[in-house]
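Naming follows writing order (A, B, C, D, E and F), and every chain is counted from residue 1.
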């Protein structure tokens, strides 16, 4: 293991000290990509948002909140820093106003480092970004397409357009299927529950072939049932985890653009992620954190904790594949 | 169906656009009452409050938050705009300082539109207002008295006086029984749990004949048990739903004057309302939203969602009665 | 005078009552345009912003804050409601994500009502909007082009592009000159002071021919000198007043995207506007209010007060032209 | 000097320690009135408010903020604790809902301790309270009526009624003249500037005979001119100082119900009070602090500092009268 | 029963009135210790904190929030004021900067009043303070050592040092065992769940002999199982209850320094405390409230409610021991 | 000029992107010290605070706010990046709880990089830190002692002890004189005005020989007079600029521990710094930013702007000394 797996030790040095990198990890540049195995990054993109905005401040807030994450998972005992080389690799150099350019900037950035085999774990940004991320992963040769997504959300995000716009945070999981990036039949959407624009609102997800667990179904199945269903749907297909924080209950994540009451509790979210260690987790993101809507800071804290959970899954997966464990 | 059932389409026009009416509905005046079936209104009254105040800013905050409500209920698939004519009818012209005048102003306003058969659904306001609302409903000939109330609250609100005052937010459900507006034996109070002024604090509710489910009982009965009990208590009597948001857990509604830990979760509240579609719902209110105590905005968002739930119940009830479904 | 000049009387009815229209005025639709003389409207556009966002929540916040504005100007004694027909005319039906469409939507909306001779006074929105507003004014035949702007701002907004984007909140006062909408030699920019991207940052304003008063110059000239300079620069040319609230000191308007310390005090801003009553004021806007950055509400309150000041100027100008005074 | 003049020493004991009394003074009860010379008290009354409410939380917030006041005035070098016996005497036992009873409760409380010759310095409460305070001072024999008031405010508070209510925060300085408590010709109102309900809005003050300095006049006169005018108006008549914090600029006191841009700066307010040491200051209040509107806490901090300034004036006046200095 | 058991009656006098003492009780000094049986006090100590700070503002915030607690427990019907003499006894005179002195100041203060047999119930303060409290209890002869603690927390607080510091909020439950103050085998730690500094992080608790219920175990056991385990672990040993509010879920207590998602719900916490009435409760504290992190005020409200619950337990225990019930 | 003088271009890349370094500069480590000329750093120390705390979150908040600083000074036209090599060098590895160790850690860190001739510009931290900074500068051979300080503050910070503590934020400018680090006769303290612990409170500054401008004197002298006095006091002695943000008016910097009304306005502070370009500025700091007290973010924004002003002065001084200009 190299210097990467050495976040600043919070038992010795003040959590408030040093520039806020993700979970206090080293900030690494392209010249260090060869040694790196997991790249934590930020994507302050919100040009896919038609509603209340502000998620471009999400990555900075999550990095700041992540100062409080320590090293070892209390349930699984995974210490990801003993299993893989991890660093914060910053953000894409991204156009700040023109959506098409920004999407390309993200795609290029992701292609570059995933092309080196580095697992991408991202703090978003609005929920458009899985699209350019998956495109980048394919462009970099990191995936061939047809991967699974484990998608947590209050909304299906499979509309065709919103406000005449084809690329936005209401459409990525349709676009990604159309482009062959995702295999919907091996993917699953969990937590859907918001009031709907129209009677056939989430029908798109079913039509595309996604596995869907609405909140009503979630409640009936129980946490164990949901975990089981996730494993069956995804199997051993490469899996990307994408969490819109509005999938969680607003009492856990009030700081988001379209909160919908009655969602998944943070404890359940943690336990779901701690119980799918068998999956071939090849990346993930946590999106739609809108810090200015949550002066308690809980939303960004929970987002940081979810990034830690995904990091644990990815690190163990790397170690397993590389025969370290 | 007329133009009323056409809230601004949030899938096309920015949620932040236009004046904030309830759930983005048309703002209608008395000249349109003849066509209207459900009147959404605000009652920024807080002259019945002896404690922390600020609920007079409630209706504006709920209207603002309601921009994010869409059209279709995710559990019941009810689209109220296809079932009834709905509009925002504004607020009463109400004295801002003299309680007795303000109560009359509310009563007159309610009598006027309920006299046309319009179902009243109100964003309060302190929890005194069910009294002038019920009075207005009777005055307008909308009810004869003796109706049922489905009352969600952390407190019984059946004291005789508070601080020597007979008309305040601690007494309406005693006054309304005394005036014959409510039949307590067909009404039910749910969620009672606050610390008590005295040993016999909520005894008034039992003495008056209310059905009561304290939080301790709620927990034992479970959600399904509570739903069943509601249906049995109310039966087919005309039912008015009144929700003091402090009935919900403060983690769902911190923005209220007298939050009491350990209450009803928003998910449960939604599911209770979605499972009593048989009731003859003739009106409702959501009270005690104190926006300045909740900078996350969750309280007003939840209140707006509850108004949507009541609207779904009322719209289906209208459609059923008018043979539309 | 018609019913329009009858905002709800705050000395009789609670300021917190009724739907939040601008300064509690009647909400009027196109069918009432013929009688109307001043149209207060909102433009929740922020697709021209490359930085911290959230100004799309500006108009709603300004309307809400404007409940506290009364009828008579304390310095000039102008009561605009006795001088002109005034109403809130809502917002454009505006695409929420595609900039080019939204710009057209604004332009069409403005053309429609200014085509009837109605003076436009707008609560923005990011500071791109003077461009589509001026375009709409020309399209509607309300202006011929070549008008004066009295422009208050910490930044010149005369760059050619920002982040490769030609239409954004850093460029409108270059675009509008290029399109012949503004005569820069009869226009004036006041309050410029932010740190600069480059040495020649605000040079564009000088090159285009604008009159410019930087904050350093402002301080030397004093308020009276500035007022005199404004009058000389603009003379009797039709004048549009555009205020980016970051022109004011951040202690007055912290709720904005790019606050720059050391700006114009609100008292000075008020007194400047109260001392240019001779100008031919034909419209105006107050932009860049970002409510979530100011939990004290002062920014939106000040913006509402500035809209009142512009309304006083416009109403007196109408009355003068129509020979009412 | 007794134990009273011993606030907790902030140079030794944590400012955050102990129950929050005013400026960390001893909490004294009626049994100690004989020894006391200045009584600091709170009046959490807001039943005279027709607009945005919440000032009943004012006294608690001011007491909390006052932990940071030390002992010596930096300009005048007055240490009030060396000049007079000072304590916090709590609040009146006050009805929380019925205005008429609450007014009597305040009057009785004030009569009791001013009857012992104790100078009343109060943290309000809405600006109705000078009326019951002056009534109490007369009832207790502390004044005969016809005193001077030095009144700082953005509004004149001399309307006859507001919303049909004769006793409210818009009328006390008319009522008190009618009742002979105040001699308006020896009193002065400073800082008036809010937009007005009607053209003749503040005319009442002139008609009643008050000396008035509007904000426009204030600016012309300058601070020194204002100080001079105060001294001439009041002379050696007993003087009560009443400060509505909205008299200050909202950038100093955003936390109030009806903030009006362009007011008196806190530095000027301090220096005015530090330059009228000759006046026969017999009491005072600081009203209309609405803490929930100011999360920075500056409003309550400034209110606490103003209470300190009034205390310095009163203490020196006592010492002068009793020949201690 | 004496005058002590008479908190201000919130059904008669405004909750916002009077200086904020704990639950509106009388403020008592040492001269009244002989009559007192329960002393509510504050300990604004945070010199044991290596992370985000601000808990020194905790006691003031809890006292302020406690205005809303009434007299009777809604589940157990305990009215502590009928069972024991209760007062707020203020805070220790405590050095504000030098840890060693402050610890001694706390110890001395506790020794003084517990030496009179008064039950200590404290609003903290960082979670170092159980150490000086237990020391003070022993010094005052109130305990002999070897007592039980019922310890609610997300962290074990049994490290040997943190940042080289032996006395801090990460170590008190090791130090107290070393000093013989606590019998770990009769004590229990509940709610442990935070990410860990190292693999053997909480091993210290097991090694010392504590009973431990991690959050994973808590979930498996259920609330009834946990209650049963508490009773078995503690038995009839004298029991001190210490609650770090981060033991609760951050959705209940966001205002704390090291919130960890997925904790104990407030309802469960209340019901646990209401179901251990048999225990010999001899004191308690509620620590780590950091009010500035929770603008909703829920954290301090919940802390105040927990102090009420502990007070009920202690009062009933006193009454039982003294044969009053 | 090297790569250091290349902060991320905010006219091209979103201000919200990348890890928050000071003014978006490169983050440099010790291996790059040889090329560096100005080191921007953070010092999240607050172990010298006896009052309201939280300034350890200051550096992170200032870095975050500094994203909005551009490259060129609008008054002086200085572009520091064309004059000197500038980078963010992070924070010291600093003990988080033990004051004596933390002071040594700071001293060692400063000695290391100033030993290379790098100008230190620091975002604090409480106002104790000038002491270890000056010690480090001497230890590193960067100064010999006897330097000038330009000290902006509401308090003199020249007490001998506070709460028995000799090293705290009330004493550094006494300690530093005692240690020969500062020549008080060539130093100046500006803005003093807080209420005082005792009559002789700030006498220490005079006794030590400091030049002092109280706020009362400041007002009489005017800005130009103050600038002149600064130049005369300091002359050509090496000058360290230390700004306690409470020296500014609380309306500019509410987010600090001990705000005192009536201070220096941010505009004046900027213009003072822009008019002392002749001084031999060898370093500086901006201290006492307590972000949680200012949800508007203005305090941290102003602190970031002041760091920019000091950077301009230092860069020009370097360029002058090295003959670049």
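The working rule: contacts are C-beta pairs under 8 Å (C-beta built on N, C-alpha and C of every residue); 3 or more make two chains touch, one makes a residue touch a chain.
Only a predicted model underlies this, so the values are computations on that prediction, with no experimental measurement involved.
Taking the definition of touch as given, a chain qualifies here only if it contacts chain B and chain E alike; those chains are A, D.
Residues touching across the chain D-chain F interface largely differ between the two copies, under half of the numbers being common to both. Interface comparison, C-D against A-C: more C-beta pairs in contact at C-D. In terms of the distance between Cα centroids, chain E is separated most widely from C. Chain centres were defined as the mean of their Cα atoms; on that basis the chain farthest from chain B turns out to be F. Comparing contact pairs by residue number, the interface of B-E is reproduced by A-B among A-C, A-B or E-F, since over half of the pairs coincide.
Overlaying the C-alpha trace of chain A on that of chain D calls for a turn of 180°, given as a multiple of 5. Once the centre of each chain is set as its mean CA position, chain C and chain F turn out to be 39 Å apart.
Of all residues in chain A, those touching 2 or more other chains are 12-16, 50-52, 56-57, 95-96, 162-163, 251, 293, 295-296, listed in ascending order.
Taken together, the chains touch in the following pairs: A-B, A-C, A-E, A-F, B-C, B-D, B-E, C-D, C-F, D-E, D-F, E-F.
Remark: chain C residues 12-21, 27, 42, 44, 56-57, 59-60, 63-64, 88, 90-96, 295 touch chain B in the complex. Chain contact summary for the complex, chain E toward chain A: residues 50-52, 159, 162-164, 192-199, 201, 214-216, 219, 249-251, 254-255, 258-259, 261-263, 293-296. On the chain F side of its complex with chain E, the touching residues are 46, 48-54, 56-57, 95-98, 101, 162-165, 168, 292-293. Across the interface of their complex, chain E is touched by residues 9-16, 68-75, 77, 79, 251-252, 265-267, 270-271, 295-298, 301-302, 305, 308 of chain A.
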